[in-house]
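Accompanying notes for the structure given below.
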Amino acid sequence: MIAKRHNPLPGFGLTMGCTILYLSVIVLIPIGGLFLRTLEMSWADFWRLATADRALAAYKLTFGASLIGASINAVFGTIVAWVLVRYEFPGKRFFDALVDFPFALPTAVAGLTLSNLFAANGWLGQFLVPMGIKGSFTPLGVVIALTFIGLPFVVRTLQPVLESFEREVEEAAATLGAGRLRTFFSIVAPTLLPAIITGFALAFARAIGEYGSVIFIAGNKPYESEIAPLLIVIRLEEYDYTAAMALAVVLLVVSFLLLITINLLERWASRYQT
Amino acid sequence: MGGNVSRMNRDATAKSQRGTEESPLVKGLLVGVCGLFLAVFLLLPLINVFAQALAKGWQLYWASLREPDSLAAIKLTLQIAAIVVPLNTLFGVCAAWAIAKFEFRGKSLLITLIDLPFAVSPVVAGLIYVIMFGLQGYLGPWLDRHDIQIIFAVPGIALATIFVTFPFVARELIPVMQATGREQEEAALTLGAGAWRTFWHVTLPSVKWGLLYGIILCNARAMGEFGAVSVVSGHVSGVTNTMPLHVEKLYNEYQGPAAFAVASLLALLALVTLGLKTLLEWKQQREYQNAQVSATEAAVGRQPE
Amino acid sequence: MKCFTGVNLKTFFLVSALGIAAASSGGARDVTLLNVSYDPTRELYLEFNAAFAKHWKEKTGDTVTVKQSHGGSSKQARSVIDGLRADVVTLALAYDIDAIAERSKALPPDWQQRLPGNSSPYVSTLGFLVRKGNPKDIKDWDDLVKPGISVVTPNPKTSGVARWNYLAAWGYALKANQNDQKKAQEYVAKLYKNVPVLDSGARGATTTFIERGIGDVLINWENELLLVTRKTNPGQFEIVMPTVSILAEPAVAVIDRNVNRKGTADVARAYLEYLYSETGQEIAAKHFYRPTLESVAAKHTDTFPRLELFTVAEMFGGWQQAHRDHFTEGGSFDRIYKP
Amino acid sequence: MSIELRNITKQFGAVAAVNNVSFSVKEGELMALLGPSGGGKTTVLRMIAGLEEPTSGDIFIQGQRVNDLSVQQRNIGFVFQNYALFKNMNVFKNIAFGLKIKKWKRRDIKARVAELVKLLGLEGLEKRYAHQLSGGQRQRVAIARALAPKPSVLLLDEPFGAVDAKIRQELREWLVTLHHELSVTTIFVTHDQEEAMEVSNRIVIFSKGDLEQLGTPREVYEQPANEFVARFVGVMNVLEAEVKDGVARVGELQFAAGDQPDGARLRIGFRPYAVQVSPDVNLYPYRAVLIRTYFLGIMLRLEFELGSGLVLRSRMTKEEYAQLGLEDGKAVSLQIRNYRVLAAEESALPPERQSAYQPPPSIAENI
């Protein structure tokens, strides 16, 4: 990697060298190790392990619950971002700061308190469980945990976009006779959509890998409430390294593809910028 | 990701916006939905941690925290953060400098690679170190012969934590450094300042809030990491149990209130993180506004001729 | 066996004494041991470690600190295989220690012959915990498969005790149906239909049952149940012992490679041997493990009722075989537990 | 009357952005709202549009009181300073938006958009998005969009603020032509006095929320109502003089002070064009040296230093400069032909006074 064009600033070689070195030691070589180890098994073996019934069930839950969690966040995150940017109400600054809470709270603590809240004798569970809504130890618990950890992504992606959204554009629509709903759907929503989708993708990506909060609240039953990262841990505990690695490779590839998608989304989101 | 949210336009919304505002009913409904959603998903879990921690009284609370294993876990967690945060900060500054101030081939690939730990499951992060350094892994036998312990010891926990918190500082700094551009540094160079001096006196002050912000997030995550550390820790009480692992251990030992007591410390850490973050944003905003005011004053001061 | 142990100890004491004499000017050593154990033994080893430290101090003048690591039995074994430097392992299953021996070669395959009673200093069995007054009237294994009964047991894929539970149920069904494997499988399948949560460990299952109020019956170690009814939650639960159950033989071993490296071989061995001493056995009994030393066991017959116990070896042909048949991918558990 | 404002006041919190303002705009008129930024002119425009609600007072559009009508109902065209084009729509869809809202038939929409595209010279750009247009093109799309639904009034907020100087001049001329063709009642906001004077029929001048003066460009220039208007419209030199023996003096300059007592301080204001210069050092009462000349294109700006060290600024055309044979360092005589004694308060402005000496017939009027 060589700096294109002449650039008078110093330190490119040094900083780039450090970056590549650090990146290699911490990320690239260990991940490379995983792939190398996976290459030791045959393709058929890999395929068998990566698509075993139990693994498929785990993917289904992981991706399904992540998808639902991210969708909930897309809807409510949009409302939250809208309310926080547009309206004044008491406690607004507090709620605004609180949005980052899932970023800051260790996932184990999140899982602990969420499972406690939704358990039959918890603050919410005591009302919900008699209604048949079992939050703890069910796939629903997985959705709850993944919604919690993904919550900041949509809000924080959308907020700056909404804040920099020119009010004049909405006013222009109003002077042309458009009502609020019409303005929202034909002018505002299309502008916000890329940010919402990006936030959704970020929440989704985060949810797929999530472990700490989920294992406390999910029942961890195979085929039912067992997420893919947990299955990796279980395979490890069964001394089944190859199966664990096969699953890990699947998750890694998915993560990488998601990252690329997110980068493309961000580029797409800025397509109307000059 | 993470997002340094600007609050610059807030004042603009203070004006009345007749004709482009929702009816009070819709407004109230949206605020209500937002409030309810945040209360159920954020506020209740937070309060619950403290309520459960103190459910059996302050005495038990203090006793759980003063237990030697808890103290050891707190110490280890601080120790890990003290190793991880400076290293990732240093790296973050290096990466941000190279990426923000220079153009080169493969830049977007590099950024994607830096982002990778955000998306990789912590469990996979732990696993790759087991494969690298475990006795059944690549370097394990060699390390074992030379009596070097990586996993199931502090270095392994630190490595796993570094991996997971790796992008925070870099990702916060890159956009800030890109936004400030190169002119300031070039100006300093033309004035004869050396590279180090330029960085220290010109670059760093202009990105200090972004840097601090990244450090705070990195620290919060480093102290709270569970999945990756769980895989490489070995769970030796008083030796390789970090606070989150200790929470799990206590929880599994029927010591609910004690588990929540340690958890409450972590929740407190989260609150402090949020507080600092809000403070930083406020400071940044104030600095920005001051700059705006003096700019307007300068503009107003100019008489039209 | 006993004799061998005794000789060993004597020799050892002699060597230690010489060592102390030689190093008398230098003062006593500080030794740290790491005991990698499984979930329900926390309280047991907390007390036993203190007793052993006192004993060792008196005998040799050295100060021993024993660090503990607890977790699911297999998870713990995996850590040792991957390099966790345990001096001794005290796990739920001989199978887990076999795995260590096989995969890391850190101890010889015949490790189980090195200590008395197949390296099981204390044994246990399984029982049922029910809520106060036994509202669902649970008496024996047959009651667990009745419709509407909710049974809490951990995940056999991850938890040692869960495998014991599984094999106990299977073994009961074999006995009740004249060794008909098909009928046994039907019974176990029915039982697991009644399981709402599969926790990953023994402790998690107990927490689920007690703290979260899930389930009508908890199947768990006898010691775990006694701990609940006598110590942590007295008066809220009752123990029901089935007529037939399995003899659980937790196993202990010194990890040769680690102790040789650290120079702790002697103290590690003495540590495990002390489990067989009267003090060790008393502590085990106090923490509701069935002592193997007859003299101690006799004193605790009211805590540990006699019941028909079968072993894994006689019913399933040993752990390796049992694991292959039931818990590997595609084993009986996978066949029955597939929604 | 197309638009009428009666006693309009707008408070933002404790601050009065617009203070008891009344004026009216005639049908087909092109009116400029002029003033420094923060003067309240944009707020007035937004109140007419219905984007802001007046705190008190009434607004009439074509005789109808519109205070209670929402923006959507007022049928006005509004062009925003930054154009506020819909970024997610192309030029065609931007222009058609208002027509779609009004449920025009598709054929009619097509025809109307085509008409506007032609009128505004946007042919071939229909499929482009805002980020693919130049500043001037965006401006014209914004105007086309505002005009499409045939509004009763067209309101433009700083329409030329965001384009560069050269295009601004073209756009001004083009706006005048357009207005001439459509003769729709138009109000535009500007802080550029030259722009206001060049484009509009009449000018309303605002300062700090107050209406300072309303009049034709010539009226506000020649008969400013107060010092603010005088200084804002055109350029004014202001000197501070002290009265002694009925004469106000600053350096060697003297001005009749009327009945002001000795020791009173007066402020004297005059336009740069009011300074008359002659190469004949004896023609006018004051001696001075030309110390510096600035070329501003067709006009020149000159600085004269009097014997006392006082520096006066003047303006003249290139022809005049040549005719007088001026160059830096040349000694001249000068006088201030027209001046005003400024009141201590920036309120009422007394009429202009003339000096005793009359210009020689050879030198042209140079206002």
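For clarity, chains are labelled A, B, C and D in written order, and residue numbers in each chain start from 1.
Here is the rule we go by: a residue touches a chain if its C-beta (ideal position, glycine included) is under 8 Å from a C-beta of that chain, and two chains touch if they have at least 3 such contacts.
All figures in this text were calculated on a predicted structure; none of them were measured in a lab.
When C-beta pairs in contact are tallied for each pair of chains, A-B comes out on top.
Distance from subunit A peaks, on a Cα-centroid basis, for D. If you average the Cα atoms of subunit A and of subunit B, the two centres end up 16 Å apart. Subunit C and subunit D have Cα centroids separated by 93 Å. With centres defined as mean CA coordinates, subunit D is found 53 Å away from subunit B.
Per-chain Cα centroids separate subunit A from subunit D by 55 Å.
Shown for subunit C are the residues that touch two or more other chains, namely 81, 103, 211.
Counting partner chains per residue, subunit D has residues 50-51, 70-72 touching two or more of them.
Within subunit A, contacts with two or more other chains are made by residues 171, 174, 233, 236.
For subunit C in complex with subunit B, the residues that touch the partner chain are 34, 36, 39, 42, 67-71, 76, 79, 81-85, 103-104, 201, 203-204, 206-207, 210-211, 232, 261. Subunit C meets subunit A in the complex at residues 72, 74-75, 77-78, 81, 99, 103, 155, 157-158, 195-200, 208, 211-214, 329, 334, 337-339. Within the complex, the subunit D residues that touch subunit A are 49-51, 70-78, 80-82, 84-88, 97-98, 101-102, 129-131, 142, 145-146, 149. Partner subunit C is touched in their complex by these residues of subunit A: 52-54, 119-121, 136-137, 215, 219-224, 233-234, 236-240, 243.
Residues 130, 133-137, 140, 144, 147, 149, 151-152, 234-240, 249, 251-254, 256 of subunit B are the ones touching subunit C in the complex.
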